[in-house]
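Encoded as structure tokens, the structure appears first; notes follow it.
The chains carry the letters A, B, C and D, assigned in the order they are written, with residues numbered from 1 in each.
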Amino acid sequence: MFQSIRHSQWFSNLTTAIIIGYAIVLGIKTSDSLTGSFDFLWFYLDLAITLYFLFEVVVKISVDRSEYFKDRWNIFDFLIISITLIPISESEFMMIARLMRLFRVLRLFQSRPELKNIIDMLISAIPSIIDIVILMFIIFYVYGIVGSFLFGSLPSGLWDNLFISMLTLFRILTFEDWTDVMYEAMELNSLYWIYFVSFIIITAFVFFNLFVAVIIGEMENLRDKSSGSTLNVLGEKVDNENSKIQKLESEISEMKAMLKELVERERRGES
Amino acid sequence: MFQSIRHSQWFSNLTTAIIIGYAIVLGIKTSDSLTGSFDFLWFYLDLAITLYFLFEVVVKISVDRSEYFKDRWNIFDFLIISITLIPISESEFMMIARLMRLFRVLRLFQSRPELKNIIDMLISAIPSIIDIVILMFIIFYVYGIVGSFLFGSLPSGLWDNLFISMLTLFRILTFEDWTDVMYEAMELNSLYWIYFVSFIIITAFVFFNLFVAVIIGEMENLRDKSSGSTLNVLGEKVDNENSKIQKLESEISEMKAMLKELVERERRGES
Amino acid sequence: MFQSIRHSQWFSNLTTAIIIGYAIVLGIKTSDSLTGSFDFLWFYLDLAITLYFLFEVVVKISVDRSEYFKDRWNIFDFLIISITLIPISESEFMMIARLMRLFRVLRLFQSRPELKNIIDMLISAIPSIIDIVILMFIIFYVYGIVGSFLFGSLPSGLWDNLFISMLTLFRILTFEDWTDVMYEAMELNSLYWIYFVSFIIITAFVFFNLFVAVIIGEMENLRDKSSGSTLNVLGEKVDNENSKIQKLESEISEMKAMLKELVERERRGES
Amino acid sequence: MFQSIRHSQWFSNLTTAIIIGYAIVLGIKTSDSLTGSFDFLWFYLDLAITLYFLFEVVVKISVDRSEYFKDRWNIFDFLIISITLIPISESEFMMIARLMRLFRVLRLFQSRPELKNIIDMLISAIPSIIDIVILMFIIFYVYGIVGSFLFGSLPSGLWDNLFISMLTLFRILTFEDWTDVMYEAMELNSLYWIYFVSFIIITAFVFFNLFVAVIIGEMENLRDKSSGSTLNVLGEKVDNENSKIQKLESEISEMKAMLKELVERERRGES
């Protein structure tokens, strides 16, 4: 019975519908005025969804068995549903665990191929990005330490330790009120603008480079594919020509053999 | 008579002139000091323009009849003029209805072909953009719900419900005082910076991807066109060669036949 | 005598040196503490530079005559020097007129060819940019009028008339505290966020498009040039082949003629 | 003995480990609460690292001798270590000198080839960037002087001298609260918005151009390489064809010689 349920279209559609429905209900729940008195109903709805998701996992595992954990999406689902089942009393973690379910919405990506293409492109850009992330981390780390030592005593508390310094540097990277941070630091020493201006120029430059690297990378892929198609037609024509010339060669060598015979006979005939 | 009016150049020029004139008059009207006492004149001007636009629509429909509604620009005009005619007393809606007419300025796009090219390019980028919009909406929705639940109690009221949360997220996307929002949230829990930094990195990454996708898409179009032109010249040359080689083949096979005849005759002659 | 001065290298070098020196002196003059008591000296320096520039123009015109005004840089110089000579007493305009001379620094662009390339690229991007500017102006104009009518009564005075509204829209375009402007407007009607969010999305989209258009345009130029070079080598090889095949054709047709002669002789000999 | 140490793998690994360890320890040191009482330990650690770095330099120089200073990384190391050894009492400079060591982390770039590629790309973009920097400097300089003269008297002190003006212009370039600066200046003269808006448009335009120039430059490199690979295959095929045709030519000329002999013999035979 589980087998027929597992592979039926309506089962997968129902799961999708419940996920979307859950997302919509959660969205409505955010405006307290609307849902104030429905907390009782909400409790049962939440329970029902938990049970349905549990049922879904049980059905899938009992049918697919060891195959189940070979699909990355299934592992993703399993982890999220497991987290929801952990009985945690502290309300905040409980809530976050419950909100984790929302990420099942990302499953919708599977059904729309265009979205998958975008994700694929993002994934193909990851190698260039990892290097940039390493580079950025080193820059943030060095500037973070220098910043902590130079500005750690400032009353704003933006440079209290390495971690907070790195968060402040991220803020500077987004140009968010970075001059306030700089003007405060410049009260210690009027040369400290060098720290901020150099950081902005270096990181802007690195990001800029990331951008160019990804575009060039995509371009290379595109070129390989396209030159494959347009030049191949030409290549075939040239190959075609080559084989014709080869035929000519064999015909001409046959003719040459015949001519040789003629010439020899003539010579013999004369002598 | 309507027919000759409808297809005359001055009629379409007059309409354009009235639209531009209307836009200029409205622009002048925005500085109250200049127009304070002309409200009386303004009333008649407004009436005259309403009547002219009505006259224009009547002329066009009476001539083109069912053809009229096949042009998207005509439907656009018809709707705007209809809205202006609805007698609405409430001043604010009245004003907005009247301002709707301004959008007829967009008609000018038709007359300048370069502007049309830009619009066409924008339209050709829409498929990539729709996918990004779906992706962005999912990200905004999930982050909006999580934000509402986590920060809904904050006094700034920036996370009161899902909609306001999504507007706040749009603000964060533009880096507009996002650290103020973050620092307020971090008073609840110092780990909440993860929410903001992850949102900025993810959305920046998605937008970045949109950008690359559109450039690559345009590149592909360009390549298809251009490789068509430059490689075709080469292709023709190769085709030309191919046909010459074919002629050679036939000549050589004729020669071979003649040679065969010669050889056979010689053999016969000898025997 | 003027002729030899006009075409001598040191004359053009001296002019360049004086322009750069003037820029440096003006730069130093900005820090009042340094130059407080040198106003007397400054007066004579200013007079000397004015006279030198006047001398330069007289030399050039007396030698080049009607040719002088055919170079755009000369017209530019002539206008700036003429403005400086107008005796204007009001100090502010006097100062601006004097600062105009600074723009002669732009002359340095002529001497460095790489900088000229950049300027050329900027100029070649102008056609795409003009269309975008027209499009942006229409968007700013329509949004400016709507903004003036909707928010004209707000106490911040950011929408007082069409011009100020357009300046405010430019500010929103740079994301500069745009939420402050929006939150103020939303106190009138909570739906007014649509005005701001739509403006940001539309203008960002148009700028984005400008960017893509220019890159694609440059790409097209590049492609035309480069496909000219790499494909030409191949094209030459194919042409080379073509001419060889043509030689083969003529040789083979000669051979055919000879064969025909042989065959006919044999036939005659037999009969 | 030094020779075996110098070329052993563990020596270079140990140096890398000490550099990374030093960076981590410095990072921990930034949070004062953790390290308050360890200043004594820290003193000895610092001494140990100074001695190790000194030892490393001595080993390398004693083995490589004059070769040592031919590698740019070695010069970089040598300078940093020399600075650390200068006995400077003033605590702030002491600290900065010590922090300089952190830049040895950049050595890690050598070990990861992908990072080296990124650095190479950055370096290859430098020619385009130098021109832009010159252009930007001229724009900043001219706008800085004009700004100092026009707004030098403003109470905010953002235009006090040329240098501060240029820092303020950098701030405007990042859109950081630039409207505050503009609104202050517009109190002097309501036309001064032209200064700010023109500066933003010009610099945005120049940066935009830098971006396009670098992408196009990289594209050109890519094209040269790739057209080298895909077209070469075709080129080889065509070359191959060319040599076959050459063989045909020689065969045909041999055949022609034989035919000529035949024809001459026949003619002689007849006469």
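Some observations on this one:
Note that in this section a residue touches a chain if its C-beta (ideal position, glycine included) is under 8 Å from a C-beta of that chain, and two chains touch if they have at least 3 such contacts.
These numbers come from a predicted model, not from an experiment.
Listed by label, the chains that touch subunit C and also subunit D number zero. Subunit B and subunit D carry the same sequence, and matching their CA atoms takes a turn of 180 degrees, rounded to a multiple of 5. If each chain is reduced to the centroid of its CA atoms, subunit B and subunit D end up 38 Å from each other. Centre-to-centre separation between subunit B and subunit C, using Cα means, comes to 27 Å. Distance between subunit A and subunit C, defined via averaged C-alpha coordinates, is recorded as 38 Å. Among all residues of subunit D, those that touch two or more other chains are 175, 177, 215, 219, 231, 234, 238, 241, 245, 248, 252, 255, 259, 262.
Partner subunit A is touched in their complex by these residues of subunit B: 127, 131-132, 134-135, 138, 141-142, 144-146, 148-150, 152, 160-163, 165, 175, 177-179, 189, 193, 197, 200, 205-206, 208-209, 212-213, 215-216, 219-220, 223-224, 227, 231, 234-235, 238-239, 241-242, 245-246, 248-249, 252-253, 255-256, 259-260, 262-263, 266, 270.
Subunit B makes touch with subunit C in their complex at residues 23, 26-28, 30-32, 95, 99, 102-103, 105-106, 108, 112, 114-115, 117-118, 121-122, 125, 167, 170-171, 174-177, 211, 214-215, 218-219, 222, 226, 230-231, 233-234, 237-238, 240-241, 244-245, 247-248, 251-252, 254-255, 258-259, 261-262, 265-266, 269.
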